[in-house]
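Chain lettering (A, B, C and D) follows the sequence in which the chains are written, and residue indices restart at 1 in each chain.
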Amino acid sequence: MSLLATHQLSAFYGDFQALFGIDLTVEEGETVAIIGANGAGKTTCLRAVAGALTTEPNMIEFDGKPIGHRTPHDMVRVGIAMVPEGRRLFPSLTVEENLLLGAHSGRPGPWTLERVYGLFPVLKDLHHLPAPALSGGQQQMCAVGRALMSNPRLLLCDELSLGLAPVIIQDIYTCLEAITDEGTTVVLVEQDINRALDASSRFYCFQEGRIALTAPTDGFDRDKITAAYFGL
Amino acid sequence: MPTLLQLDQVSKSYGALQAADQLVLSVEEGEALAVIGPNGAGKSTMFNLITGDVRASSGTVRFKGDDITALPAHARARLGMGRSYQIPHPFANMTVYENLLVGAIFGGHQTERESYESCAEVLKITGLVDKANVPARTLTLLQRKRLELARALATRPNLLLLDEIAGGLTEHECAELVKTIKAIHAQGTTIIWIEHIVHALLSVASRLVVMNFGRMIAEGDPHAVMNDAQVREVYMGIPAS
Amino acid sequence: MSTVQVARSTRASRIFTPLALVVLLALATLPYWGGPGDMRLVAEMAYYLALAMLWNLLAGYAGLVSVGQQAYVGLGAYAFFYLTGSVGMHVYPAMALAGPIAGLISIPVAFAVFRLRGHYFAIGTWVVAESFALGASLIEELGAGSGMSLTPKIVRQVASSRSDRETVEYWMSLGICVIVFAVVYLILRSRNGLALTAIRDSEPASSSLGVNVFRTKLFIYVATAACTGLVGSLIFLQKLRLSPEAGFSINDWTVVVIFMVVVGGIGTIEGPIIGMLIYIILRELLADFGSFYLILMGAIAVLIMLKAPGGVWGLISHRYGLQLFPVGRRLILDKTPK
Amino acid sequence: MEWLNVLIQGSLLGGLYALFAIGLSLSFGIMRLVNIAHGDLIVLCAYVALIVVQGTGLDPVSSLIIVLPVMFVAGYLLQRGLLNFTLEGGLLPPLLVTFGISVIIQNALLLGFGAYTHRLQQGAIETQSLVLPGDIAIGVYPVIIFAVAVLSIAGLQLLFFKTKIGRAFRAASDDADTAELMGINKRHLFALAMAIAMIFTALAAVLFAIRTNFDPASGPTRLILAFEAVIIGGLGSMWGTLIGGMILGIAQAVGAALSPTWQILAGHLAFLVILIILPSGLFPRTRD
């Protein structure tokens, strides 16, 4: 049984349909990447899985149970956490408070404040600062740490590399490896294709709200993806 | 050719975030300029600084030789700037034709009667004739993007700023759009186009600017710029080897 | 010969317009077949409709959700009482000046309250209205807290007998309602109306197409204030007595009006008419139960806002696709059959 | 010395206004809800206290034992059952729904209790006063109200900055949608916020009703005073609300010292002037 499966997942923003019948599966312990151009529906798909968009119950199945109708805070309770695009830290909370907020649902598990600080030592040094005082890379770490604090079985990461310098992105992806080594399942949305493919074992390429291509990452001709993606 | 638009050391910061950092850019009349860069690189911010949606923290913006840094967006539109938004902002409760009419009357200095023909022409160019009398809220994303273009054209701009209007198009639709933009350009409209679909850009643009972290990191002949190692790394994540 | 044409009427509107004219004509002859009670009721309906259309223009079209329009009812009324009583002006020129005076005062007010956004704007306008009320109660020349009355001499300028006066004032109410309707309708059909609808849907896009958002809103605010002032002078000509509480009453001149617009359908021309009728019918039916009709009205407004934000007219026009007062345009190209 | 007296009396009066404002500031700050019915809820609380006092023979302050829990539950239900549904879709729904509630409360009270004025009697404390050097007489009761305001705000600060639920309030105030993605039940949290707001509203109501007469139409004036305190103070901190209340109180006291009829108008004018100079108040929220 897959940890996550979507069945003909469709999603709308008002009158506008953003996803058309997405079928994807994610196995426990896997890291799966979703890539595609702007507006292809990647973020929408993550938001639907996180409960931020209303869908039919059966469209999303988690651990064998239909959960498509649940609210976002319920999703956290069953074990789905999200690192939203653009980090979305709470500006009036300190770094530590942001992390503690991630633990609001009280889901038990290995991740505690100490372990998150162990993963991102820089956050420990800055724990009393308000979140906006952090650099982009530190904010991203804080956002990942905040999601981890809910001890998720499935971690959804939206554009971790957005607006960050390459060496910082490298750091964050190194940490992500440490997280997946714990057995946490990860779904990555990235526009930095190589980064996404390096970190994942399988990928889905989205186009106009549909899955255009899916394959294991290993041995896949990257130039082909790049060509398809950019039309170069 | 005379310079149409000039940015001189234009910067914009939001607190600690430097959204535009010392931008210097000069666009000649009749040029077609392409802008690429990762998400969050500051491309749309540059557009907003040009059109006046956002005021510069420092630096000057010149249009047709005049300093327009202090002018509000509507005054700049009346001087001959038309823009599309990356996320379409249709006037949802007005018909497509009425959407155009706003541009024709206020940005294009036409009376309502004078504008009939030109609005009809724009509808034809942008393939929205069949949708002329439906409320804009019923349009699909694709049609909304076309409406963005159509509305900007209705102001009869000298400078047309296009922000990702080809995103999500099929190969064929993209080719159609390129044809349209080429035709607009051929009529003498200066164009600045932000897009991720590089091949579409390159078939129209004669110059390419690459942005990252609010700065311009490369500029020049499109093919030369695309082969630049730094650009490949920043834009596509292909490590310089 | 142009091949491109624009049509502005709809089939429903072509049927409805003569119908509306017939109703108006019938109402105009009411003094000849109705009693004074009927006339008073219809006059009240007329000035409430005028206020509702004005608030709808302001909030429903220009997005300026003011809860302080009673300021201009009061200002218009005070201007009228002062000009007739203290200055000694004749009733009609005084009434003609009441609107412009309210409009003039609204300009500096606009520059102050336009600095406020959304909720702050709403509260700010209310405080301004309260300040005018308190100000009026401090000024001796305006009768301070006890207010002013129209002397019999002034009242006789309208007509010498009471019944004639009621007839004239009835026609004035009807006339001013028609004038306000025409002003609102013409503004909405004009280029300003086009700009206004655009601004309501998206301010940034309007600016990017050359619409001066601030000036358009200012124009609407001032025009609305002037018309509201005119209506205010008319209301208190009929009431004969003016006090700060009565002139600047938020409940009478704004809350009730907001309910009419919301229940009828905000942002439509038809909405205020329907909302006014619903309010008057409710009030007349429940007249024996004190202020119970207000509780019901409040509950209906809450329900409408939650379940059908488009109001009663929104429900009707959505179901039947009706537009009785078209402000839209249809482009007719030679190749496209309509 | 006369002006010092004015300053002190005005500041103490500001304590009452700050109490009026706390509930409004909470619902405005946390869920961006502009509660037009806030003033009428204050008056409603006063009538609930009146019923309790008349029914049980308790004195007004002791009646809080019953009034506070009742209003806590009422606040929770009001938000969960009604107001939560107004929060999507812009400015108009919350404004008009609370307008509707305001009219319903006012007229229901009018039908139930008539237009008569009422007052709660607490006894001798209402009239006792302290005399400070320089012949400045300060009422004991206004000092108590001011102290209650300070303690209330201090208590709320503790709640906000030292508890888990307070952290959740602050997070939801920053960005309610992201807070939901982090496991916070927005609807429950907002209802709790309104319940807490109602506690302070009830507290303010009883203290106010001991001091001043009230009738079914007393609400809107309290609403405006509360709004003015909140907006002058800015949404950045609760202490700002207290300072906003004090500025309002002082402006009114100065106005009243010039001429008694100027009291309320002076407050409004001070409010408008501050708002024109600083549209987001003295202590604005750093990000909105």
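Throughout what follows, contacts are C-beta pairs under 8 Å (C-beta built on N, C-alpha and C of every residue); 3 or more make two chains touch, one makes a residue touch a chain.
Since we're looking at a predicted model, the values are computed, not measured.
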{"item": "Partner chains shared by subunit A and subunit D (touch criterion as defined above)", "value": "none"}
{"item": "Chain whose Cα centroid lies at the greatest distance from that of subunit D", "value": "B"}
{"item": "Averaged-CA centre spacing for the pair subunit D and subunit C, given as whole angstrom", "value": "33"}
{"item": "Cα-centroid distance, subunit B relative to subunit D, in whole angstrom", "value": "50"}
{"item": "Centre distance in Å when subunit B and subunit C are each reduced to the mean of their C-alpha atoms", "value": "42"}
{"item": "Centroid spacing, where centroids are CA-atom means, of subunit A and subunit C in whole angstrom", "value": "53"}
{"item": "Residues of subunit A touching at least two other chains", "value": "132"}
{"item": "Chain contact graph, described as a line, ring, star, complete graph or other shape", "value": "ring"}
{"item": "Interchain contacts (touch definition) - all pairs", "value": "A-B, A-D, B-C, C-D"}
{"item": "Complex contacts: residues of subunit C adjacent to subunit D", "value": "59, 65, 67, 112, 115-120, 122-124, 126-128, 130-131, 134-135, 137-138, 145, 250, 255, 258-259, 262, 266, 290-292, 294-295, 297-299, 301-302, 305-306, 309"}
{"item": "Residues on subunit D engaged by subunit A in the complex (per definition of touch)", "value": "164, 167-168, 170-171, 173-175, 177-186, 285-287"}
{"item": "Subunit B to subunit A touching residues, read off their complex", "value": "15-16, 38-41, 137-138, 140-141, 164, 167-168, 170-171, 196-200, 213, 226, 233-234, 236-239"}
{"item": "Subunit A to subunit B touching residues, read off their complex", "value": "14-16, 37-40, 86, 132-133, 159, 162-163, 165-166, 191-195, 208, 226, 230-232"}
{"item": "Contacting residues of subunit C [partner subunit B, same complex]", "value": "2, 4-6, 191, 194-195, 197-198, 200-202, 204-213, 328-331, 333, 335-336"}
